[in-house]
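Presented sequentially are two complexes of chain A, the first with chain B as partner and the second with chain C.
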Partner chain A sequence: MKKLISIILIIMMILGAVACNSTKSNESKEEVKETEKKTDSDTDGEEVKETEKKTDSDTDGEEVERKPFKIGFSVWGTSDSHGRYVSQAASWVEELGGEVIVDVAQGFTIDAQVASIENLIQSGADIVSFCAYSGEAVIPKISELAEKNEVYFVMWDTTVSDPAIQEMVDSNPYFVGTTNEGQFEAGYETVEYLAEQGATDFVIIKYAIGVAICDERVDGASKAIDDLGLNLTYVIEVPEDTKKAVEDTLVNYPEVNAVVAVGGTAMYVTPSIQAIESVGRKGEVLTSGFDFSDTMGAELEAGDLSLVLGGHVVTTHFANLMALSAYWGDPINPDKEQLMIPYLTVTSPEDIDNFNKYVVGDVPPYTPEEMLDSISSDKTFDDFQKIAMEYSIEDVISRRGE
Partner chain B sequence: MKTNILRKESILSGIKRVILTLLLPILLYLVLVLTSFEKFGKFDSFIMTINQSMVNLAIGWSMMFGISVNLFDFSVGSRLVLAGLIGVHFSQKFGLLGLILGCVVSSVLLGSITGLVFSILKVPSIITGFAVLLIFESLGVILSKNMVNAISSEHLVLAKGFNIYILIVLLFIFVYIMYNHTKFGFQIKAIGGNERVATSMGINTAKLKFLTYVLGGFLVGFATILYVSNAGTIQPKDGLGSMSIAFTPIMGVMLGMLIKSCNSVVGVFVGSWSITIIGSVMVAFGWESRLQNVIVGIFLIIVMGFQLNRDKLFKPITTKKNIQTNN
Partner chain C sequence: MMVVNMDIKKGRIQSLFQYNKSKIAPLLGLVLLVVFFAITSKGKLLEASSIENIYNQGFPLLITSLAFVYVMATGNLDFSIGANVGFCATIACYVAFFNTKLAFPAALLTGALVGLINSLMYVFLKIPSFIACLCMMFILTAANQTLTGGGSKMVPVELLQNDYSIVRLVLLLIYIIIIVIIFHKTKVGKQLEALGISVEASIQTGVNAKLLFIVSYVVTGVAAGLAGYLMLLRVGAASPTLGSSLTIDSIIALVLGGMSILGGASSSMICAVTGSLITTVLNSGIVLAGMGGDAQQLIKGALFIIVVSISTLRESSSKNF
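Here is the complex of A and B:
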């Protein structure tokens, strides 16, 4: 009896596997046909785009064919507010007739990020969208994967400092472009703002090692410290116990009167505030952070926190729009330039309420019409850049007519 | 006269034990004082190093029972994070009581679930720990997506001022009694000594091991309260990130259990305190903060190597002393 059941189960498994395989084969064949149509037996990137454009023009006249899409979105996590918000913003484009699959990479390592991209490609993504938070060394591997699987890829919140890597991705026909913020300027402005509040001796908390964004923010902050004749007293790197690290620093360097966390407000600034209080220096040491947190409203109100830069959640939205335009055969960024995204500066609880209501509330800040218009055929990259740079809470309020 | 001599010897032996116990942290603190008397000569700075070790001490005590029966469970951090998030969530509805009950009750439940998986499925403790760690981390992420992760400052009082000492002293009394003066404590030590012998003595090892998970869960609950109240926040972790929460406390426990001049419960305190001071020494020297883990790792290897090879190291001296005594 057991043998019989085993045989039946094995046969069922084999039949199931064969069925799945044949379905997949059919799908693959269709995909291959579609790809062949797209690539037109040419491997050169620029020419691929030309062919696509022609095909689209032939079928729809001036109109671009907006075929359904599947975007694979890889993120470090959705537990922190920044990760949650960028994932939310990434899904705004679903209103344009597609699907966004969010995959949380299991760890801040290159391997984990590559595995995440592989999973997304396996799940049938037409486009992969990611941030090189594990370091830019991850980019060549993902670029290779995307080219091999003929999947478009776009990077957000990413700085590529190595010219060789930049050259490599630029030559990939499936690379769409990058979005980024002025990290150096943001670091610089943070120090400037704190200096205006009376800060003179700084401690910087780094949230990552070997990540260009983090390094650029630190460079900007360090430059401002130099330019303004201030002191950079100590740099804390990726502390396990932030409260203890800040306590130790404040005891060793009593002259410190400003703590700047260049990322992870919730993870690094909140414990820093506790540390400042525990060494009896509440009100004497200013703090600032990058990326929004759930507690920053109360901290700003209590005067424990001076400034937070963040709210650049649209970085993923514009990256996805850019990728979609390429996927639909009418790339808004044919030269693969870097699209700059502005930061929102938050210095009061009211700013946060408005952000929660107008940016990450129930209604996306851009309507489907506005999204399509921003990448329409009559728009250039400069127009697109202008739309991105106009992003602010005031901009959303005015577009909604409130 | 003889009684007086015996009493004197007993007092001297007690003083010697206290000195030997506190020798390591005191020496380390002296390094700090020598680095900068102005900064570390103050009583406040001394107290700060003790304060800083409290959270790791509480986590260390929660792991001590498990380690005593050779259970290596790296899920402690993930349980702490999940219980902390539940506690924060409950604090928003029921205030401080919500935080306390949310942390402790959920932690006991999570500890019990881990213990049940281990006991029923007979999966090795390390594997069980990793498996539940992945589940609890993911649950923490899911939970945090559906809640506002913010705790009111008025609910952080348990780690402020004397409150942290009151909580730690109460925990110490509880752990000390459980470890040294209960049947449960004796039995887990017997299992730790030799499980086969303990089983042949009629000790239900499976049941005892399950109970160490439950008891550990109860203590992790209190450690969670301290952790949240101390940092003012608890952030969900994924991708095995919660494991790092357990590393420093484990080092404190290992170090503490090797100190022979005192009870293990006190030893864990000494171990945790010593590890904390090492971190402070790094900053005092102005060394790159990433070097701290390197130094702590090297320190641990040296201390454990010394402790485990002490007999071999001192054998020539002891033998010589014995010969002289016999002569």
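Here is the complex of A and C:
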């Protein structure tokens, strides 16, 4: 009897969750209509059609059909803040009359990511949007899947370092492009900032799997250490137990006074802070990380964390816009160039409050009109790049007129 | 007289049902799962392309979990199988650059060798099997990491461009036929189950326990080699993480399929097939049904509980707590 009751309760829970999902998508569709109605009045009689098939006249008078779309978005997880934020940002384009399905791949493995993309294509996605977090060797297979199924694909937070892979994807008519941040520069700036705070002897925590963006951050940080005459004391590779690894390092190298994690603030910086405290060196060792975490506000306030580079959530938004323009037959990035996205540098709890309010709050930082305008036919890739590089909390505030 | 006959028939049906309950309940769970996703995905799950998708995603798990039955039947576990899959794929990838035809035998031999070492550590050095396999897992992961330079290694272009779906299907069928026949139609299967019930009693009855333990680990090793090679063809690259989740997934699949983690008489190949299908259909169906994002993990967890609840109904009569 107990088992039966528990099964019934679970079924109710599932139905509830499914219902929540559909309610959410209905709500968002209603919101789109509301927004479109608003736009009608805002544009002084300029017609923005409420039908699903919208059109946009380009400069030559040709019409771009904005057909409904389904974007399959593959992510490593939504329990960490970066995964959650990029998934949220990926869904902003739903306001343009489409649907974004988020699939959380089962692990950081190549096979899990391939399976995730296969499932998304199978679910009817017109576009797949992903980050090659399992390593860039996954890209050829996904490229092949996309071409075979005639599905556009775009990569965010991704750099392709292998020329053979780059050539392969460039020759694929369904490849749209990539978005990425200036990783080398970010690594460089991190060390510069910590050096200004008095850091001299550095430990770098890096990923061991071939994630090119992390390697670039390490290169940038190492270059800055060289240029500024500082010491790179030790490099830790993907520690399973970060706290223990940092504790051991600090005990063996007491001269270390800065720990730079080139990825995963929550995974690597927070345990590093705990390690620094446990070896009795709180306040003596500076820390920095990439990607925002849920605890960074408190850590910044307590002085345990010096800076975080992250908040590049728009990386998925601009990738999706780029892919949409290709899907609608008017690609904003016909040469498949890499779109650069700026990092937000956070050094105080106030910065985080503003980020939470203006970027990942209830209202997306870009309105549907701004989204459409950024990929309209009269815009070039350079214009699009300029809009992407203007992304900052101040930019959002000023566009909202606050 | 007639009443007595009917009672006997009823009793026979009951005992037959009782006997097969451990196999029927998970099948029932699988059927319900398929029906659930067929409805929620508006029929997409039953389309030919979806079935092909499930096959493509499920075959590595099917290969490893079928072999895992051999080890688990004896009451042991092979924690190195996932790492072994990745290692075999990497070796095959390297060999393919010299000769693509040698990649397959290289993967099989590598896997078998790893299995053999595992078994020798257990049988002759008397190292507890899970410790030996855990150590092997660490060694293989580190070796794989070193061979791939911490990143990933693409297969030669000719391997990437060819479609190996027929080769894969043929290899898979041959593998399934052999592994099932050996387990269910020869004395090997029964003796492995006997070892899972009691090693001492089995030895007393003349079972060569050492040889059987070696066989069981070599079988999982060969399966790792096969899965590694086929996964390499499927994803087009070797990496330190390739197949790493297969150890846990295989154990989960077998338990979901109705097999006891302690091995013994509940061991059956059907457990591996049912469990692998449940896991793969669940992963694929949830996306096809459009249940993405935050709700995905919740729904997956809840569905798992339902399937396990149905699968374990068989035990309710014997455990009154």
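In this text, the second predicted complex is superposed on the first by the 339 of 402 C-alpha atoms of A that agree within 3 Å, B and C clash if a C-alpha of one lies under 4 Å from a C-alpha of the other, contacts with A are read in each partner's own complex, and residues count from 1 in each chain.
In this section, a residue touches a chain if its C-beta (ideal position, glycine included) is under 8 Å from a C-beta of that chain, and two chains touch if they have at least 3 such contacts.
Predicted, not measured: the structure shown is a model, and the values here were computed from it.
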| item | value |
| --- | --- |
| Which of chain B and chain C A:Ile110 touches, first, second, both or neither | second |
| Partner chain(s) touched by A:Pro173 [first = chain B, second = chain C, both, neither] | neither |
| First, second, both or neither for A:Ala302, with chain B first and chain C second | first |
| Which superposed partner A:Glu237 touches (first chain B, second chain C, both, neither) | both |
| Touched partner set for A:Ser134, first chain B, second chain C, both or neither | second |
| Which superposed partner A:Pro254 touches (first chain B, second chain C, both, neither) | first |
| Touched partner set for A:Leu120, first chain B, second chain C, both or neither | second |
| Which superposed partner A:Thr78 touches (first chain B, second chain C, both, neither) | both |
| Intersection of chain A interface sets (partners chain B, chain C) | 78, 104, 106-109, 112, 209, 237 |
| Complex contacts: residues of chain B adjacent to chain A | 36, 39-40, 44-45, 48, 51-52, 140-141, 144-145, 148-153, 156, 230-233, 235-241, 244, 247-248, 276, 279-280, 283-284, 286, 288-290, 293 |
| Footprint of chain C on chain A - complex, ascending | 3, 6-7, 10-11, 13-14, 17-18, 20-21, 73, 78, 87, 101-104, 106-112, 114-116, 118-120, 122-124, 134-138, 140-141, 144, 162, 164-165, 208-210, 237 |
| In the complex, chain C residues that touch chain A | 40-41, 44, 49-50, 53, 56-57, 60, 145, 148-154, 160, 231, 234-245, 283-284, 287-288, 290-299, 302-303, 305-306, 309-310, 313, 316 |
| Touching residues on chain A, where the partner in the complex is chain B | 77-81, 84, 104-109, 112, 209, 234-245, 247-249, 251-252, 254, 266-267, 270-271, 273-274, 278-280, 294-295, 298, 302 |
